[in-house]
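Note that the chains take the letters A, B, C, D, E and F in the order they are written out, and that residue 1 is the start of every chain.
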């Protein structure tokens, strides 16, 4: 059955390519906007930094957290999602997300196959960088988001189901959300602000992760077996690469090497540092010892949480956001046992909780003094903007959860979501891929 | 005294250990081993190159017990380590001439 | 004997330095060309990205694929080749490759010791970046190419032979080829195009790898012993860094943060993704299961193959090139058993096959609509350009193979090429370096 | 007691944040200076490169060198120091180091909490980049320096003592030194030159490391137990990332994508390559075999040594500096046994020795022909400049050693410096953090 | 029944295993061990610090066999594990009081 | 001949080995094992999830000796492996029917 799926996928891919081959039409845009080499260098580099967050960053971050029998299967998720979503993005995803707006709901098909997406700047998507650079930077975001979700169903999801789910999710959840918030869609029109993806990336993946964890059920032996991370240095290597890459994730979202970029980077780094320190202190007081995984988790929580706010706030708001992230995510994870779902790698506790916190913090702390293209938050006397942010939290979480649920049911009908119990006992590496990580 | 050596499936270790504790066994020594037998191994593929691995991961438990307890230990291990499928493993029982507890120098059954 | 070699090498190095010390003459160039900071930032960063491809990227990619007793010896190859070739490049290599042309065959000695290679731009080697930036970017290419070959003789080559071979190869194979194709030599004059090194880097190293594998002979136990990769996560980490760095390898070859850079990056990433997916599907259908190493290999095959074409093509040509790379390299490796040589880490199957494919694809798909500085390919009605590309494939492969063979014979006369059988059984780490990787 | 410390730290942090919250005042600077996007892109990227040197670079470089029971504790040092020092830097450190000069001794408190440190350029701290970019780039230096010291007391320092020491050291040693040399302080006024931190970073950390090693005493079993590095590939991965990041460390110190940046990078890479080759040869002749750890150590020695000179010299001076670094640091480490202190990871032998060598080499080889903003060295007929450099070596080493000693005594009074003997036997990972690296 | 324990050079494992299979042995248990004996270890150097490692990697094979097969097994192992150079290893033979197959509860020779 | 098997604390290995060498023992085989007994294990915490690990790393030394040396070896191990705190380990002594040196085919005491 899996082989059959492979054949079908292969054929599909072949047809798509065949139908689309040819050089894209020369861009019809007026070349009045001039490419700035410094801004372009920064956005290209930022795209590379986001890539490194995903592979090898997130791949190893997650890979180190699972048991050694599942490390390849876990790393495989990041690599395959990167590859498949990138291809889909070129073929159709970018057009759905950022193509000319259709009623605030979705982008049109005008840019399918990157048709018309050339090297001249697009007036709203980075007026000083090639349009393709914007498209490429956004591609990395589209790829990393479903890869985040994969942490929730690690160690038990069938490979073919994982690929199918991620591909469909990127088209049916990610692309619309990106359009609503960044592509000129209805939430953008309402004034919702999400600098680098607190809602589009983190809430959406956190909500999807929750649904995945519940629908797939717990890992065998959850709660009784020893399931400690098999290689924490690997996770810490991943953490370092995530931290490094996040400068591009948030800094690159300024779409140029400008003041917003540097202030976003300062906010990002501040929140990460504060998240690490606060999580460390929380654990130290609560459990008696500080842990290395705690520091790493706190840093990632800080990074995820500050993401939507980073371009609109100063360093002190970032300090507070980092502190809140460290505390809230720590307790969210400690208490998750009470809710009884098995979110293997804590996507909900870190990205879900962090994303919500970050979007609300944006509504609180955003300041036009920092970024004139932003808005003033509640603290600066603007409750209506805060309201829009609350609305965005709810809409994104619900939309992602519902569509995720439907997709899972659909796929469960086609191919099973979960590996067989013996396969799970053996581990994904041998059962899904005929490989062992270490020998 | 006897030395009882059981080769079992790794995921059964905790269950067997707990059952032994319950019948009053206070110590044991465990080694990770690779077993070869009727149970089949697995295939691996690396860039098209296939390998068949015939060895299967197993765990060896060694327990030294007074003669009086041998049968209970045997029964306990057999019961808890059993899944019924090929590869459940073996138990070997051997004479143990002498046992010493290094810390105290005690010998015999009290050393266990 | 090895110690004697060390003494000789040491003395040689000392003399070279002594003879050359002094500040290089101020550049005599007219400073009419202005350095652009954005372009310079991009080329500096791209150089760093190519460095990271080699160490730790390639070092770990290869290191994970060998048995654990050889991992240090394998990583050592990348580090030593980087160091030695970099020094040679400064002393003489750059001048041979890019110095003022002598009859289309080689660069003159005018730039020995970087004499005259200053911070003002050179009119043909990047008119908007410091000449030294171009020199440095090219240095990274010169270093990575012999390091690629090292995969073919991994796990059995004597350390001193490896160093000597790589040093000589960089001068007698790499420098002339770089000159012919990139330094204004005869192939460049014929119109041959190799954007970022399909011929200069990949065909040359692939052909050399084939000769090395044949001359050195198989590893002991090849075909009978268990020779699985000892640490696939290490290889996957290397893959991620290669992918990341390749954005600089190909994108930096535009020598500026411009439209060609971004379109090269988009092509690069597209081919990598497609290579990964297609290799995965091929293996899935052919063997019944997709493997993680397959996905990584497919990505690298896609990256290597698209390299020469990346600056001249659009995304759809890149899709096709990636697909062809995934298929062709997969079957090249599966079938290599039939030819009976032991190319330990599949340099021939990936870089050789990918390089040839990529140069031919450039002849097919190149389009002036994408890069006005390029050419139109066969598909755009230009068979003569395709002919030149075919010629380049043959010339580069034959030249590299022949000179590699001569160098190996020369070195075999001086010092043995291969470690002793007991050393090979013990492993390179202990026998060549008195070290163990893990303890 | 540790928990008590955690509570105190937590409360302190909370108060600091509370007192400082609010958006920083809009910068009062005249915006006459214009931000250059290319220069900014390069400095942002360079900051990211220095981050990657620290985590995961140095973290893994050190982590691989310790025994497996201490790897997490060792990696933890880099992560915590990064976090804590970054926060301190924002709150007060940057102002102390770079704030308006008070009598040549220290920066004033004007910039506490980044007050007035905005996105407009500062005339002396990078006239073409946002002031915050300079602040951020310098933050990375402030964080990495105490993390270097941590190699000297690895495998035995209590976690709380390590954090407290590093925090205080960054304020009482690093900030004044940075001010004296880079912030317009008295050494700068004397004309002392330290391009990217030979004195501020390497001598200061080397001297502190020596004092730490002596005060803390040897590890249990030092000289008798087997203390080989537990994972050399991890150390080599760290080496690669250090090398990569050092292009930003030195290249970014030009504060722009200009000729000084590229010539600093060329010098950096040349010295690293030469250091690697020379250490390798030294070991080969001296011990009979070249080692991989030797090549890595030689590269790092070359990098550390060339750091202060990199922006003022040409490639041939860099060759000589690299060679001297390889030789001197190799023998410093081989002979350290004679002195009887246990500098676990050779911070003194590499950073101390390398730093001194580098500052003196700057006094020798610096040339205005390379960098008109620099000075001419002894070789170019300027003995007084060489004298200033000698003075700087002595002052920095003595100051760092003395204050380090006082800090250690202070902390030893509050909480013990060293873990209990049983904790040391068990390892830091379990005893300090309740975690194991591998399972 | 006897328990035969052979300590051999690791790279000989496959050869010995195959030879035992050929003479009808159906199972065995293998452990990675470190041997100390006449065979010398190796040197290691890290930043000038030298270590002499006296332990050598070995593999221990344990085979339980009916008394009738002891000699054949001994001969087979001796023949296939031998290289003639120091460190080829030892074979130890001990009495085995009892063997149980966990899956079925069978005991004695049929349990092997 | 006897086979003496000692389960000791890992950091005592070198000391025990050196002491055995001094009394003329020329060979031994060492295995890394996990022990369970009166000695307590440790706690681990990962993101708030706590695990109690009951197994403790130990090292098993196996030495085959002629009957005449048994007592000296026992004494030597007991003396050097002892720290006096719980978990110092056990020594088990068993009969060894036969020993073969693979390299030469020698058997009995001369094979050791």
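Keep in mind that, in the parts below, a residue touches a chain if its C-beta (ideal position, glycine included) is under 8 Å from a C-beta of that chain, and two chains touch if they have at least 3 such contacts.
In this text the structure is predicted, and so the values were computed from the model without any measurement.
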Neighbouring chains common to chain C and chain F, by label: A, B, D, E
Chains touching both chain B and chain E, listed by label: C, F
Winner on C-beta contact pairs when C-E is weighed against A-F: A-F
Option in C-E, D-E or A-F whose residue-number contact pairs overlap A-B by over half: C-E
Distance from the mean Cα position of chain C to that of chain B, given in whole angstrom: 52
Centroid spacing, where centroids are CA-atom means, of chain C and chain D in whole angstrom: 33
Multi-partner residues of chain A (each touching 2 or more other chains): 36-39, 41-42, 45, 226, 228-229, 231, 237, 287, 289, 291, 293, 434-436
Two or more partner chains touched - positions in chain E: 31, 44-46, 94-95
Pairwise chain contacts, counting only pairs that touch as defined: A-B, A-C, A-D, A-F, B-C, B-E, B-F, C-D, C-E, D-E, D-F, E-F
Complex interface listing, chain B residues touching chain F: 3, 17, 26-31, 64, 94-103, 105, 111-112
Sites on chain B touched by chain E in the complex: 2, 6-8, 31-38, 54-55, 58, 60, 74, 77-78, 81-95
Residue ranges of chain E in contact with chain D within the complex: 44-51, 53
Sites on chain D touched by chain F in the complex: 425-426, 430, 434-436
Interface residues, chain C side, partner chain B - complex: 226-229, 283, 287, 289, 291, 293-294, 297, 330, 333-334, 346
